[in-house]
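Letters A, B, C, D, E and F mark the chains in the order given here, with residues in each chain numbered from 1 onward.
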Amino acid sequence: LDTHQGKLRVLWINPVGTGEFDDQIKNVLMSVKRHDVEVEVTHLPHGPPNLDYKSYEPLILVETLQIIRRAEKEGFDAVVIGCFDDPGLQEARELVNIPVVGPMEACLHIASTLGHKYSIIVNRREGQARLEDHIYTYGLEKKLASFRSINFMVSEMKSKLGELREAIVRESVNAVEEDRAEVVVLGCTVESGLMEELIDRLKVPVLDAVVVPFKYAEMLADMYRKVGLSHSKVYGYKSPPEGEILI
Amino acid sequence: LDTHQGKLRVLWINPVGTGEFDDQIKNVLMSVKRHDVEVEVTHLPHGPPNLDYKSYEPLILVETLQIIRRAEKEGFDAVVIGCFDDPGLQEARELVNIPVVGPMEACLHIASTLGHKYSIIVNRREGQARLEDHIYTYGLEKKLASFRSINFMVSEMKSKLGELREAIVRESVNAVEEDRAEVVVLGCTVESGLMEELIDRLKVPVLDAVVVPFKYAEMLADMYRKVGLSHSKVYGYKSPPEGEILI
Amino acid sequence: LDTHQGKLRVLWINPVGTGEFDDQIKNVLMSVKRHDVEVEVTHLPHGPPNLDYKSYEPLILVETLQIIRRAEKEGFDAVVIGCFDDPGLQEARELVNIPVVGPMEACLHIASTLGHKYSIIVNRREGQARLEDHIYTYGLEKKLASFRSINFMVSEMKSKLGELREAIVRESVNAVEEDRAEVVVLGCTVESGLMEELIDRLKVPVLDAVVVPFKYAEMLADMYRKVGLSHSKVYGYKSPPEGEILI
Amino acid sequence: LDTHQGKLRVLWINPVGTGEFDDQIKNVLMSVKRHDVEVEVTHLPHGPPNLDYKSYEPLILVETLQIIRRAEKEGFDAVVIGCFDDPGLQEARELVNIPVVGPMEACLHIASTLGHKYSIIVNRREGQARLEDHIYTYGLEKKLASFRSINFMVSEMKSKLGELREAIVRESVNAVEEDRAEVVVLGCTVESGLMEELIDRLKVPVLDAVVVPFKYAEMLADMYRKVGLSHSKVYGYKSPPEGEILI
Amino acid sequence: LDTHQGKLRVLWINPVGTGEFDDQIKNVLMSVKRHDVEVEVTHLPHGPPNLDYKSYEPLILVETLQIIRRAEKEGFDAVVIGCFDDPGLQEARELVNIPVVGPMEACLHIASTLGHKYSIIVNRREGQARLEDHIYTYGLEKKLASFRSINFMVSEMKSKLGELREAIVRESVNAVEEDRAEVVVLGCTVESGLMEELIDRLKVPVLDAVVVPFKYAEMLADMYRKVGLSHSKVYGYKSPPEGEILI
Amino acid sequence: LDTHQGKLRVLWINPVGTGEFDDQIKNVLMSVKRHDVEVEVTHLPHGPPNLDYKSYEPLILVETLQIIRRAEKEGFDAVVIGCFDDPGLQEARELVNIPVVGPMEACLHIASTLGHKYSIIVNRREGQARLEDHIYTYGLEKKLASFRSINFMVSEMKSKLGELREAIVRESVNAVEEDRAEVVVLGCTVESGLMEELIDRLKVPVLDAVVVPFKYAEMLADMYRKVGLSHSKVYGYKSPPEGEILI
C-alpha cells in the first residue's frame, strides 16, 4: 500500500441543502489550488438553503458528519466544512482522523500571524454573538479589533454583487481606520472571490473565507500524508469505540 | 386573559432516546419543587441512550428543539434541557420566548455566588474539553478551581451507586483540599439525588445538576410570569421570522 | 423538628440611616414575592442617607453586619443587602450561614444567562470604577458591554420620576444600539419599580436591582431550607471561632 | 510659600487597636528611610488587635480614614495603611489628595518589575481569597505564580520567630522551585524585618511588606512635593463636596 | 510579467554564526517540502553558536534582518527565521513584504487548531519566561497546558541523540497525562527530525519546530504569489520610508 | 568595605547615536532628583538619531547593553534605558545585578496605583502595536483605557513646542473625557518637561516618561544598597556563566 502516492485529495462541503454555491466555490478553489491537489465540492442531500440562524445548524449536522465519515473512508486527505460558523467542527474531529478544517478557525489563526489585530466583516449584526462564542472557544479574543456588519442577506448577495463589493470595502476601511484593524477577515463563504481585488484596493491583508481555509487544508493534508500529523485523538476529540459510533 | 393565574409549569427534558432516567429525575424534582409549580419530565422519541460523546449531540438536537417549541405553545413557563452539556441551549433561545435553562450554565453561575472558586466533578476526563469550551463561552473561567474526574460510565452509575457515591466524595475532597475549591458542582444529571447527603458530609456547597437548574428555572418562570423577564430577543437570540423557522 | 414547615422569611436591608426608601421597596417586593415567602424591609439606626460615595460605606458596615447576624438568629432564611454596590457582602458571608444576596452580584449573574452581553445603567459616571472593581472580583468582565450613566443624584430621583424614566430609556436604547448590549441592568435600587414597563417598551430584558436579587434570595432561601445549600464556609468565608466574632 | 522646604513626612498607620507592633515597624522604617524623610508610626484608638478575618475590617475603617484625613491636614506628604490587605485604600484616596499607599498594591507592582512571576507567602490559607480579590481589582493576576501558606497565627509570630523564619524560607523555596516564582512577596506586615537576610539566603528578591511600601511612599511623597503627582481625583477617587464628607 | 511562474522559493535562516545545523535542517526540509518548492538554508556570517540566552539575540538581529531584506530582493517568496524564540520576527515584517515565519508563532497557532490544549517541551527551564512573553504577545495563553523541560544544552543534543529522544518522550507523556495536553510542541529547532517517530509512539500530534513552520511558510508563499496575501503593512509593520531604512 | 556610603549613582542612557537630547534630560533630572543622588546622562557612540521604527532597535541594543555592563562595573546603583519602548530591558537584566528601569514599565505600574484606568499619549499611531505588545508582556492590559496619538515626529518636537503642548493637552482631555482615563502617561521621553504644568492644567495625574522612571530608579537604587533588592536572577533573568557572556 502506498499512501504517499498520488494527489492529495481535499473535500469542500457546503453544509446546506442546495448546490447553488458549488460552482462558484469550485471555481475559486481551482484558481488557487496546488498542482498536486485534487479538489471536490459537495453539498447535503437535504437541509436548509443557508445557515442564517443558529437554529438551522441542527438540521445539517448529521448529514455533514456522515459525509465527513464517508470522505475519510474514500481516501480524502482533508475536509473543509464550508461555512464560516464552523458547524460540526468539534464533532467531526471526534469521528475521523483526517484533518477537518473550519473556515473561521483557520482564518483567525492565520490572520493573527499577519497583523496585530483583525476585524471580521459579517453579513448581519445578529450573527456576531455566535462568532464571538467561537472566538472565546478558540482563544483568540485578544487579537480581535472589531466586528463590522455589511447588513446583507445571503440570498441578496449574488444578485447585488456590486453593492456587496462596495459594502465590504466600506466596512473594511472603517475597520482599519476606526477600529485599528491590521487584517480583515471576510466572515462569510459567500463573500468569496474578491480577495485579490480587495487586497489590491485596501492595501491590507484580506482573508477570503474560502481561499484561506482551503489552503490551510492543503497544508494539513500534506503534513498528514508525510508525517502523520492531524488533530489529537486524546481527550477532547477521542473517538467513541468503533461499535459505538452512531453517525 | 389571566396569565398570572394558575401554577407555574416547568418542563424537564431528558434529551436522550430513553425514558430510563425519567422516574429518578421526577422524584428528585418532586422533593424540591415549590408548591405553586407543576413539573413534567419527558424524553425524546428517538436518539441515543446517553450523550457520552460530542458526536451524539447532533442526534438529539432537532427533537429537543421541537419539544421546546411545543412546550411554549402548550403554556409551559420554563424548560430545562436536562444534560450538563447544555445541548441546544443557544438554539432553543433563538426559537422561543420562555426561559430555557441549561444545567451547567445555571450551576456555574449560582456556584460563583456561593464561593470564590468552584470545581466540577465529571464522569470521565474525556468530557472535560467540551465543558471547558462552554466555560469560555459563559465567561466563567476565572472562578474555576479544577475539573475532577470520577471515571464512571453513565451506564455503570445506576448499578454501582455505593461506589459512585464514594468516588464523588473522594474527588470532592480532593477538589477542596488540593485545588482549593470552595464549591463543588456535580457535572452530570445522573449523579443527582445525593445533594443533601453530600453537603452534610463534605461541609461545602455541593450543586446537584438536577436540583439547582430546576430551582433556577422555577425562579425564571416566576419572573417571566410576573414581570415578563426572559432571555433577550435582540442580536444573538433573535428568532427567525415566523415563516422561516424550520424546526 | 420540622425545619421545612412555615413560610420562607427574607429580610431586605436598606443599608442607610433613613427609612425613606422602605415603603417603595416593600411595595415592589410585595408585588413580586412568592406566596410562601414573608418579606421584611428594614434600615439602619444610624448612618448616611445614601451611599453615593465609597467613603460612606465604612459608616454603614458594622450596623449592616449586626442586623444580618441578628436576622440569622431570628430565623430568617436569607438576607439581601439592598444597595447595588453590594457593601459588606463578603464580610456578611463570613459571619452567617444563611444565604446573603448582593443586588449587583445576583443581577449580573442572571443577566449573563439571559443574553451574550449586558450593560449597566449607573446614576453617575463617578460610581463606575467601584462597580468595575466588583465585576473583576465576580469574574464577569467578559460579558460586560458597557456602563451608561443617567447623571442623576439619588436625592433627585424621587421628585423627577418622569425625567428619570426617560433617561433610563434613552441610555438603555444607547446601550443596545451602540454598545450591542442584549440585556440591561439598572444599577441602583432606587431606580426600581419600572421593570415591567421598561421590558415592554424596550423589548430587551431589563433587570431591576430590587426585584431580581429578591427573587434570587427567595430561590436560595428555598434551597437552603430544603437541601441545606448556602455559601461555602471553607477558606474565603470561613467564620472566626464563635468567641472571636467581633460584630 | 515654600512647600518644597523641609523633610518629607510619611505616616505609617497600623490599622489595629493596639500599639504592640509600632516599635518593631518603627525600627524597620528607621533602618531603611531616606535622610530627608521623617517617619511617624501610629495605631488606632480602638479596634481589634489584628485583621485576621475580613469581618474585622469594618471595625477599623472609620478611624483609619479619620487619621488619614487628619494626617493630610497636619502636613504629611504620604500615608501607608500598614496591613497587607490594604483596608480602606480606595476610600482613603477618595478623601485626601496626598498619596495613600497599600502594602499589597505597592509590593505586587514592584514585584512585577523584578521578575516574570511572583508568589505571595500568606499566614493562613483562609486569607487567600481576600487577597485574590484584590489581585483581580489591581489587574495583576497574570504575573501571579502562587500563594503559599505558612499556617501561622499573627498572635504566634512574635514568640516563635525562629520557626516563622524557617516556615517562610521553606515556602519561599517551594514557591521558586515548584511554582516557578522569580520573586517572593511576604504577605503580612508582621513578617517584616527579615528581608535582607532572606534575600541573602534565598538568592531571589524577597519583598518585605513594610520596607517596600514605605519606600514607595517616600518616592510618591517626593514626586507629590516636587511636581504635584498623586492619585487621580476624577471619576473613581473624586472627593465628595467638602461639606458632604462624612468621615 | 508572469509572477505565477516557476517554483516557490523559501529561505530558512539559522540565525547563528555557525553552519553546523544547516545540513540537518536541509535534510529535514527536503524530506517534507512540496515538489513545487525550492528550499535554501543559510546561516549568519558572524554571531554566537546558539541563542541559549536572551542577551545573545542582539548579536544576531542586524545580520538576520539584512539577509531577509536581501532575500526579498533576490525573489524569495517567504523566509523562516529558524529559531523557536522567533528573534527579529516583528522587525523583519516591518522591513519586507514577503511572508516572514517564526517557528514558535506558526507552531502554536497550528497546535491550537489540532487540540484543546498544547504543551511546549523546552530545553531548559530558564528559557521559559522568554517564550511565555511571546505567548502573551501572540495572544495564545488560553490554550497553553504547560511547559515541560528536558534539561538539555543545545551543545549536548547532537551527541546524545538517544537520551534526547527519551527525554522528549518522557516529558511529552507527562504533558499529556499530568497536564492534560492534547498536542505537544517541540520548542527547539535542534530537536527536529523525530516528528513522525514521536507521533507514532505517543499517539498525539507532535509539532516539529522545523517541519511545521516550513510547511506554513510554503502555504503563505503560495498565497502570496497567487493572491498577494502577506502580513499587514498598516500600523504595526509599516515600513519606514525607503530612504530611512537603516538595515 | 562600606557599600552604604556615598551618594546613590543613577545612569540615564539615551539609547540613540546622538547627544542632542542629553542636556534637556539632564536638566529635567537635576530638577527632580534627590539630594543624595548623583545623576549622569549618556548616549551611544553610534546608532540612529531616534527609535521611530521597530527595525531601528537592533542597531542600538549591543551598545546599550555594553554601557549597562560597564555602568555596573563602575559602581552605578541603577540604570534607566531612556526610551519609552524599553529596548533591551529584558536582555540587560540578564546581564547585570543592578536595577535596570524601563520608562514604560515603570510608568504603567505607577499609573496603575494612581487611578483605575490610564491612557498613553503616543507620538504616532504606528507605534502603538509595539507598546501594546509590551503591555501584554507586562500584564497590564486590564487597566488600559486607551492609546491617543498626537501625530508628531520626534524631529519636529523641539521646534514646535507650543503645538506639541497643545496636542498633548487636547489628547489628554480626550482620554479623560471620552475614554474615561483617570491617569495620563506621556509615551515618549522627548515629551518630557511639561509634567508639573500639565498636572496643573488637566487636574489629573500626568506621568512624564523621564521624571517617573528616574524617581523609580532612585527608589530601587536605594533599596538595592540598603537591603540588596533587585530583579530576580533565577529563571528568566539568569545570567550566562561569566565566561559565556558575549556582550
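Here is the rule we go by: a contact is a pair of C-beta atoms (placed from the backbone, for glycine too) under 8 Å apart; a residue touches a chain by one contact, two chains touch by 3 or more.
Since the structure is predicted, the reported quantities are computational estimates derived from the model, not experimental observations.
Using the mean of the Cα atoms as each chain's centre, the chain most removed from chain A is D.
Looking at C-F and E-F, the interface holding more C-beta pairs in contact is that of E-F. Per the C-alpha superposition, chain D sits rotated 120 degrees relative to chain E, a value rounded to a multiple of 5.
If you average the CA atoms of chain C and of chain E, the two centres end up 53 Å from each other.
Inter-chain spacing, taken between the CA centroids of chain A and chain C, is 45 Å.
Chain A and chain B have Cα centroids separated by 32 Å.
In chain C, the positions touching at least two other chains are 116, 125, 128-129, 133, 136, 139, 142, 180, 182, 235-237. The touch graph of these protein chains has some other shape, matching none of line, ring, star or complete.
Chains touching one another form the pairs A-B, A-C, A-E, A-F, B-C, B-D, B-E, C-D, C-F, D-E, D-F, E-F. Residues 116-117, 142, 180, 182 of chain D touch chain E in their complex. Within the complex formed with chain E, the chain B residues making contact are 125, 128-129, 132-133, 136. Interface residues of chain F facing chain E in the complex, by the touch rule stated above, are 48, 52-59, 61-62, 65, 88, 90-91, 94-95, 125-126, 128-130, 133, 136-137, 139, 235-238, 240, 244-247.
Of all the residues in chain F, the ones that touch chain D in their complex are 31-32, 34-36, 101, 105-106, 109-110, 112-116, 138-143, 176, 180, 182-183, 195-196, 199-200, 203-208, 211-212, 215-216, 218-219, 222-223, 226-237.
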